[in-house]
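Just so it is clear, A, B, C and D label the chains in written order, and each chain counts residues from 1 on its own.
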Amino acid sequence: MVRVSDEVRRLRKRFEARAEESHIWDAVQLARNPDRPYTLDYAERLFTDAFELRGDRAFSDDEALITMLARYHGQTVVAIGHQKGRDLSERTRRMFGMPHPEGYRKAMRAVELAERLGYPILTFVDTPGAYPGVNAEERGQAGMIARSILSFCQASVPIVATVIGEGGSGGALAIAVADRVLMQQNAIYSVISPEGCAAILWKDSGQARKAAYAFRPTANACLDLGVIDRIVEEPKGGAHEDVDAAAKLLDDAIRHALQQAEMIPAAERRRARRAKFRQMGVWGVVDEPTGDIG
Amino acid sequence: MTPIEVNIERPGGEESGGRRHPNTCPTCRSHYREDELRHAQRVCPHCGHHFAVGAMERIEQLVDPGTFVEIGSDLRAADPLAFVDIKPYIDRLSAAELQTGLGDSLVAGHGRIVGRGAALAVMDFAFMGGSMGSVMGERFCLAADHAERFGVPLISVTASGGARMQENILALMQMAKTVGAVDGLREAGVPYISILAHPTTGGVIASFASLGDVVVAEPGALLSFAGPRVVEQTTGEKTAADFGRAESNLRLGQLDAVVPRRELRGELAKLLMLFSPAEDEPTGDNEPLMTIVEGDANPIDKVLGRLGLGRRRG
Amino acid sequence: MTPIEVNIERPGGEESGGRRHPNTCPTCRSHYREDELRHAQRVCPHCGHHFAVGAMERIEQLVDPGTFVEIGSDLRAADPLAFVDIKPYIDRLSAAELQTGLGDSLVAGHGRIVGRGAALAVMDFAFMGGSMGSVMGERFCLAADHAERFGVPLISVTASGGARMQENILALMQMAKTVGAVDGLREAGVPYISILAHPTTGGVIASFASLGDVVVAEPGALLSFAGPRVVEQTTGEKTAADFGRAESNLRLGQLDAVVPRRELRGELAKLLMLFSPAEDEPTGDNEPLMTIVEGDANPIDKVLGRLGLGRRRG
Amino acid sequence: MVRVSDEVRRLRKRFEARAEESHIWDAVQLARNPDRPYTLDYAERLFTDAFELRGDRAFSDDEALITMLARYHGQTVVAIGHQKGRDLSERTRRMFGMPHPEGYRKAMRAVELAERLGYPILTFVDTPGAYPGVNAEERGQAGMIARSILSFCQASVPIVATVIGEGGSGGALAIAVADRVLMQQNAIYSVISPEGCAAILWKDSGQARKAAYAFRPTANACLDLGVIDRIVEEPKGGAHEDVDAAAKLLDDAIRHALQQAEMIPAAERRRARRAKFRQMGVWGVVDEPTGDIG
């Protein structure tokens, strides 16, 4: 008999009720809407000045992930974000926002710079996932994602991450470990795409909608599960309907979150961030442990 | 659009199609009695193929007899999403526990290896494909806690298809959580040895398993973020026969060594010696059973309180 | 067996053979009067070719008028090896000083750029191919000292064929010494901006010049460890036309930007703003002229005392 | 008029006397002798146990440079060395001891591990230089050497470097920034090979002997110039004549140097190492500075 807390029971009840199912699929579509604002659309509205930092100092400049020094409300920050393309040529150049290992190495370089010079880090998460190609694998995609996550764990500067579109799996998380994690109302965040989940569990990627209903990649679910700190509202119809208004809402939320992150003493921040993620997860307890061996 | 988590091939190099008996070697077709195979550490005496090893059997292979103490064995998945695909998650969990005798896909604990203490986190692919969910992540962290508290190295042995989709975003967060545990070890100057068994893919290799101070793999193990099938289906690229295999990973700079299973305990003993203080002699490991106490309070996040959940009180 | 230091091509893309006038564009053959070219910041108004710029002229291009103060101008190479090849090193030094009016291949100092203070270390290729010897290394360190002391960013502009062979091992050690200066800036949290002009190769690009927090290059600049001729002669490989050029380096992840010379001052001003504390307004740079004081005593090395040499006392 | 110190005058006189010229060329040949002991020959004699650390976690495992955890007189150290090959196949595999950028990245990984776990670092320098090929250049050879030097500057653990054969240019220095720098009697250490120097300054690589006489890559000259701390004797005829004896002499020297390096307080070591290299260089002073501009 697995004993769980009352809160787990409430969560289960709530999710079993299958409320808001139609919103789930709306969010999946809005998060992927080709007119949705991307990192650079917000950067040009949030920052008064910016200098793009390019290259991983090892192999290439991966344009699926961008890093910059930027001035945000009078202070310098390091901004890191996935970047999708608008037209076909930009999409190809930016690999639809799916970084190779070089993109994550660039992100780590930006984190290291922020740490050394004491600048807060703002990240913008919007990727279907890390690129799953042969070359990416050969150059250590998995290990680089792990090291990117580690570099975000290690930083002592304030970090605010916002999921602004697709928060796809490890490729998203690689830049999403932060003191405060925000998520736009119509963004999604999940361990796998609905199609991928459907292909594996239903053996039919056409069952994506069913998969999405089951695993709930929405901001509401992420908030309920304690994975994000706040949902950032979007203009009616979605962020693409009024990019300036969406940017204003995002700006207010990030600014507030940054103030909260800055209140943590620098010497405590690394440990506090670790503790925040340590608490993520839900489990029960049985009375009888399985037997020891040996 | 990019499925990252992997519906992983069964261990071994068998062709698709016709099921084989688990004790038939997929490489050379030799067949063994269970006791023979177990005695051979599940390495085919004829061709050297490495069969899958369960978590408890792996611990027996590595740890001095009578020294292993499990931690966190009473944790069980709680299914907060009330997840149902073709079957309910709850039913899959029960079936896995019945089949393996384990409460989840990772066994945590501590023990001695040739006299030197170590914390252990050992995965079992037979439990839902070694998938990483909340319990696995917490158990890994408990092993890391032990290592940090007693200043002994952490050793993990992984075999996983990736994150557990049934816990969705909570499963993803276990990547951050386990990497955070490694960060704690790094901050404390405690060594971490990662052993990669076949297969270690998806969220596990993209988090803690890649972050060992020393990373070694078993021969032939598939070690990749996306599995070859996902790569081919998503990108249309062909994958070579050695795609993602331990030997390729060694050549490509991702591993320190490929170590045959029969040499693993010896290599671990050497590493534990190298990681021990100067002139240290192996002695009895007399630390008390771990008592889990409250971690540092998180000054930002009130999730724990809100959910009435979180770190187990021992 | 591997010559690493480079006998570098003259700046520009000219074919070998027939000497051209230095004010004739090697790309489009346009010819300019000296004052025209200087006014155009030595960028060909017709085709955009970037001519070489001397250190003092570069400083004029970048720094607010009247704000530059030189440091370490009295240092001169001392030729401890009494080095003679076809000519004595001493004679080469005299000729270079006569030709350029500089005491060595790098001018150090500090000044303001659009109102914000910075330390500067600017190389001159015309002084013995911008080669790095003891004086160049020490002057770079003096600029870094200033940056560290006053908490202003360090900006370097490099153009170099590499280390100065005539000082052999002491020249090589300038790589360690200048990187050590960058390490000092990093430890102190002082930003460093590296600007790479044509050509930056050998020991200079393999030391401080690659370590800027921001690294930008001028268009077309050759930036490589070994030059194309050495690569071809040593390995037998062919080099492409864009081998080692700034644009290739940007693609290959080694640079943050390729910035045309006319935009350089503006980009530097932006970077100095980004590197300045929150809400900082540019103000007069009223720090006193630097007074060089004794560095930290080196508890190991008695070289200094033995040689009766070392850090200059101001 | 350049004023120089008396010591510079003495150095010049001494070098002008062209004493020991025949030894210079002997050393060049001994340093390159194909029978000369390499890093692994010493490792197996100096260390009681070792575990090789392979790979740069990014691109490949460069066998021209090896790193290992090793037990040295009862304590764990990280050893880093260039490694030439004995037969043709090993030479090719190890690129004649000329690392690509991946080799230096592996060295940096080893330094980072040593730093994190508090192990001293021992390096063995023996390379004609970093590999000057197109691929090495494209993957950032110059920047990686710079970053490797920086990582040795940043470490707070004791470091002892020994030039055991060819100390060739930046490719050697990349692992030779240390608290104590030793050099075997017949090793050479120089900014360029004699052949390279001759090719550039005499326009004739056949003048290598003349170049070597002029730029003096010997241990004696390095000691006189304050670049190394101690010369390590070799058996009569060179280290290859009696490898065990050479290893014994090297062991004594390294052990003593390590003890000296360990005496520097850890909190001071980074700064002290920087100061040590800061002092390298010889210059004079003129009375009249060149005019300021602006």
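Simple rule for what comes next: contacts are C-beta pairs under 8 Å (C-beta built on N, C-alpha and C of every residue); 3 or more make two chains touch, one makes a residue touch a chain.
Here the structure is a predicted model, which is why all the values come from computation and not from measurement.
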Quiz item: In the chain contact graph, what is the shortest path length, in steps, from subunit A to subunit C?
Solution: 1
Exercise. Have a look at B-D versus C-D and report the one with more C-beta pairs in contact.
Key: C-D
Quiz item: In whole angstrom, how far does the Cα centroid of subunit C sit from the Cα centroid of subunit D?
Solution: 25
Exercise. Mind checking the centre-to-centre distance between subunit B and subunit C? Centres are C-alpha means, answer in whole Å.
Key: 51
Exercise. State, to the nearest whole Å, the distance from the C-alpha centre of subunit B to the C-alpha centre of subunit D.
Key: 41
Practice problem: Could you grab the centroid distance between subunit A and subunit D? Build each centroid from C-alpha atoms only and quote it in angstrom. | Solution: 45
Self-check item: subunit C: positions in contact with at least two other chains
Solution: 186, 210, 252-254
Exercise. Would you mind listing the residues of subunit D that make contact with two or more other chains?
Key: 57-59, 139-140, 143, 147
Practice problem: Could you please write down every pair of chains that are in touch? | Solution: A-B, A-C, A-D, B-D, C-D
Quiz item: For subunit A, which residues are in contact with subunit D within the complex?
Solution: 57-59, 101, 105, 139-140, 143-144, 147
Quiz item: Touching subunit A in the complex: which residues of subunit B?
Solution: 1-5, 7, 56, 59-60, 63, 65-70, 73-86, 101-103, 109, 111, 133-135, 137-138, 141, 163-177, 179-184, 186-187, 201-203, 205-211, 223-226, 230-231, 234-235, 237-239, 243-244, 248, 252-254, 295-301, 303-304, 306-312
Exercise. Flag every residue of subunit C that touches subunit A in the complex, lowest number first.
Key: 186, 189, 191, 210, 213-214, 250-257, 267, 270-271, 273-276, 278-279
Quiz item: Taking the complex as given, what residues does subunit D use to touch subunit B?
Solution: 49, 51-62, 69-71, 74-76, 102, 106, 113, 116-118
Quiz prompt | subunit A residues within the subunit B interface of the complex | solution = 2, 4-8, 11-13, 15-16, 32, 96, 98, 128-134, 136-143, 145-147, 149-150, 153-154, 168-171, 173, 176-177, 179-180, 189-193, 195-197, 199-202, 211, 214-217, 221-222, 225-227, 229, 260-261, 264, 268, 270-290, 292-294
